[in-house]
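In the two complexes that follow, subunit A is the common piece, with subunit B as its partner first and subunit C second.
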Partner chain A sequence: MKTVLRLETALTHSPPRRGGEFGRVLLILCLLSLCPRLPGFAQNAPSAKASAPIDLSGYWVTIITPDWRERMVTPARGDYLAVPLTAAAQKIADAWDPAKDEAAGEQCRSYGSPAINAAPTRFHITWQDDNTLKVETDYGMQTRLFHFGNWKPPAGPATWQGDSIATWELTGPAPARKSGNLRVTTTHVRPGYFRKNGIPYSANVRMIEFWDLFTDPGGTQRIMITQQIEDPEYLFRTWITTYNFKKEPDASKWDPTPCSSRW
Partner chain B sequence: MARKFSGSWKRKPEGWTLALAILLGIAGGRYASAQDIEILQVQPNFYMIAGAGGNIGVQIGSAGIVLVDTGSAGTSDKVLAALKKISEKPIRYIIDTSADPDHAGGNSALARAGLSIISGAVGNPAFGEDVLGNNGAASVLAHDNVLSRMNAGDSAEWPTKTYTSKFYKMSLNGEGIEVFHQPAAHSDGDSFVLFRRSNVIVAGDLFDPTRFPVIDRDKGGSIHGVIDALNRLLELTIPPYPQPWLAERTYVIPGHGPISDSHDVLEYRDMVVIVTDIIQDMINRGMTLEQVQAANPTDGYNARYGASTGPWTTEMFVTAVYKGLSAKRR
Partner chain C sequence: MIDKFRKVAMESLAVLLGTLLMSGPAFAQVDLSGVWGFVRGQYGQENGGGSDIGDFTGIPLNDEGRAVGLSFSAAQWSEPERQCQYYSPRYVSTGPFALNIWSDTDPVTGKIISWNMGAWIDKDIVTVWMDGRPHPSASAFHPFGGFATGTWEGDTLVIRTTHIKWSILRINGVQHSDRATMTQYIVRHGDLLSMLTYFEDPVYLSEPFVLSSVWQVNPKANSIRTSPACEPINESPRLENTSIVPHYLPGKNPFANDYARYYNLPLEAAQGGAQTMYPEFRKKLKDVYHYVPPEKCTRYCCDSPDPAVKCIRDGSGQVR
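And then the complex of A and B:
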């Protein structure tokens, strides 16, 4: 209540009068919190789909140039160059045994959200509903859901892809702000591997992604994903990487393959 | 089964990922060949032959074929069969990056299978040694120290022309070719070869991302020479920026292992410098070779570059670096 009164004071440049205070407070409360719930007001709030500054839908294929030896073939056990791993994580990576993962039915350990953007995969991106963007992969047949708005993560065990909350970061001249990018924050991820050779991330991993769409000089649409990964258990600093995808005309190259511990 | 890999860099996906296809030569066409030999297209007129010992660079143009290195002795028939798959033109010129038998072992057989750059000119004094030095066969160029190192062996394998300066330049098949000598690196006779128009460098064992650098101290090699060579390679290697998703870049054919680019050379150079600094620090602290070996100065890199058996082990590398740095200190 004090905050509201100070706001009102600042707006009117006059001391609040006892007699009119209740009405003004009511009005401001209505404006700030109540009115958006009224019929008619809510109809004007655009959905994430309607307000999208970029269209990410379609089929996309990854372009792997940097680090292809880690991404396109299974690196040797203990090869974790360029990953800021803690000593504890290195010990785990050194003990990687794909047979154990297979026996435990955990072949998808290297297909979780912290790993999937680096993978040799295609994306099929669609709108599941007006506020949920769906990203499917043919590599490991995984599905990520980017939730916009006031979505609350459900209770339950962590999953390979975790819980992702998305927002549009709008840029360009106000008020239109017709350009921008997608920002996705993912948590509640089931522990897995950053790379095929058992480089681990923990249940405390947190990933922020920035998805940018652009057209190259040749006219090809491309997505560049910049991702920041924090893992207080297994990374000694934030790990930032970028990944490129190229738009494909159709689903003709879509090639769903199940998870594999070895490849 | 798509995307089937089992660890070897030579195994490929099914041609669906552009960039790897470029790096491994799939986009431009990959040729099944005799047994272990693989032909990988690097550029429209440039190929890499793998599996014949060291990697072989193949430039093809109107004049014929220019080879950089000839692989091991005994693989020449396979190499010739592989070359027939990509061009009917004759081998005109061979450049050796070193005297090592896995790089220069096919000199004689491949040169004799080729032709002098000006066919029919044998015996005509109007033509220089470049074209007449091998009795009508393809010429073989190397640094003079390569010839010195090969002196004890079969003379048929020797280079027919040597250079003694820092570099040697020529024009063949419509592009400038620069041969750079890198003294006291892998050995004292190493060269790498830049093909300007093709934007390809054939590095020989000056860059071998399959293992720690092989330093042949008995033949004049040194760790600082290796670092100098890698820095020189980096100076000449152009990265793909500002469009890293495109194929445009300088490709580097290493002595062994996969086709690489500036990122790979940079990563490797950094590793070599870091390990050298670690060993130097240990030497400065008075540690013996045994203590240095026990301290595992290559920790973190062993999984990718190390070996406990074979012709070049991690222990041999650390020993070579230690002895080289210690000798310099004295």
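And then the complex of A and C:
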């Protein structure tokens, strides 16, 4: 605010000179453009919950159509269709041993964030607090937390769901900007499998998601997730996919089941 | 006095321009134009080698839709009258096509009057009218591109398509009728273009068929906008000058069970229906059918672009 006052003073008390009015116009333009981005204006920014352009809360069920045999059921060993895996990943996947994972207590390897959007699951989405969106799954009973604002990832070992930083990407006419989508970046994920049959991802996996919300002609809300996954060790190129979910009226079909290495 | 007027005018101009600078377009009009490259990462076999006959998994077919799908013979495409039959606009969401999108503007007002989705091969241009014109009567001509109108909802282009010709839902013969309608939601995220397709057919589907797809901008692509002219030729002498219409009678399709057999699936799963789209169907697969996956993949096992990956990439069973 001091900056604004100083500029205003300079404008008011500067001696008249050629082009002064144009300069003044430019300064006002700059101020108007920059004001919303100055720290003083950000202090009273509403919470992520209050500023959400879309309401993702509720129960959602995935619709499994593409790649059905790789997503709905445990695929055969060696079925890697549609995954741009590397030869190093293929070598590991060919040696997939679910019994070994069970013995190691790692039944949740195919339930991590890089795998969960493709899974046969329901989501229960709620606000954990004003700046944290919680996404629970009944398939494997996992919890993802999407952190808005200035959240800093805690130190510690990587987890199946990793650290997710979220922002609203606001669109639509200003100043309201009442439409938009959710963008989530996830890192620090514990190594796991893209699919049940052992296609690996590494600790360096990084995922960006765009969550869009639509209302279909029947009045049902639909989420579309577009995701980009990078893994310098096990993906030959960025793996880009989409998934869609339908809103359900209640929790009547919510069916929590624990992780399984085989099913 | 004049100076004072100029000062006020300039300041008003500044406020106006500043407001415009801070705001987005008055009407959300994202630029969708360009060539959007096909992204291989989903619909593995469907837009690769093609779905197996009898693979109706995840499609909300009703009994009629299933029966028509099983009556299909690929030899139909060899009939002279079908050789130049295009796919319907629905096929954009699963076909291995790049998308070439451009707009047409009104020469007087400069407003966009239509978005056009190019054809590449095997399908027609889809013109999405943005000028508010109504859809024609239900009995009006059904062109290969259907009749599509669009509106912006925020930064989402919502396209409503009617007047779609009869065509296939999957290349293995699952079909939709000419009473089908489609709503598409298109959003742009940087260099990605995502589309949710909501497809309804009162004749062959019991629920809407909902698919999502994605393309990535490819500024170097040279994608054509129109399908090359098609010339029907005689591909199968036995179909020439005869009354043969290739098909299978109910219960007589010799390939109907192949997909289920390849993947240890019950026919109830392989032959689709709305129940196969939802996670709870897994309970039936496990508890009723005691599903066990095949020991190892023997066909269409991978399509990785990594040349170091050696695997079975098609139906031959050969590692390449």
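We adopt the following convention: the second predicted complex is superposed on the first by the 220 of 263 C-alpha atoms of A that agree within 3 Å, B and C clash if a C-alpha of one lies under 4 Å from a C-alpha of the other, contacts with A are read in each partner's own complex, and residues count from 1 in each chain.
We adopt the following convention: a contact is a pair of C-beta atoms (placed from the backbone, for glycine too) under 8 Å apart; a residue touches a chain by one contact, two chains touch by 3 or more.
Just so it is clear, the model here is predicted, and its values are computed rather than measured.
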Subunit B and subunit C placed together on subunit A: clash or fit? clash
- Of the two partner chains, subunit B (first) and subunit C (second), which one does A:73 touch, if any: first, second, both, or neither? both
Between subunit B (first) and subunit C (second), which, if any, makes contact with A:64: first, second, both or neither? both
Original post:
Which partner does A:180 contact after superposing on A: first (subunit B), second (subunit C), both, neither?
Top reply: second
Considering only touches as defined above, state whether A:81 meets subunit B (first), subunit C (second), both or neither.
both
Between subunit B and subunit C, the one with more contact residues on subunit A is chain C
| query | Given the touch rule stated above, what does A:139 touch, subunit B (first), subunit C (second), both, or neither? | reply | both
Counting only touches as set out at the top, which of subunit B and subunit C does A:120 meet: first, second, both, neither? both
Point to revise | First (subunit B), second (subunit C), both or neither touched by A:171 | key: second
- Query: Is A:253 touching the first partner subunit B, the second partner subunit C, both, or neither of them?
  - Reply: both
Candidates 111-119, 219-227 or 237-245 checked on subunit C; the stretch that hits subunit B is 237-245
Subunit A contact set shared between subunit B and subunit C covers 61-66, 68-69, 72-82, 120, 139, 216-217, 222, 244, 246, 253, 255, 263
Per the touch rule above, subunit C residues touching subunit A in the complex are 6-7, 10-11, 13-15, 17-19, 21-28, 39-46, 48, 57-59, 94, 153-156, 158, 183, 185, 187, 189, 192, 194, 196, 198, 200, 208-214, 216, 263, 265, 276-282, 285-286, 291, 293-298, 300-306, 308-312
Subunit A partner, complex, touching residues on subunit B are 1-9, 11, 13, 16-20, 22-23, 240, 243-246, 258, 261, 263, 267, 271, 300-304
Counting only contacts in the complex, subunit A reaches subunit C at residues 21-22, 24-26, 28-29, 31-33, 36, 61-70, 72-87, 90, 120-122, 138-139, 169, 171-175, 177-181, 183, 197, 210, 212, 214, 216-218, 222, 224, 226, 228, 236-237, 239-244, 246, 253, 255, 263
In their shared complex, subunit B is touched by residues of subunit A numbered 61-66, 68-69, 72-82, 120, 139, 216-217, 222, 244, 246, 253, 255, 257, 262-263
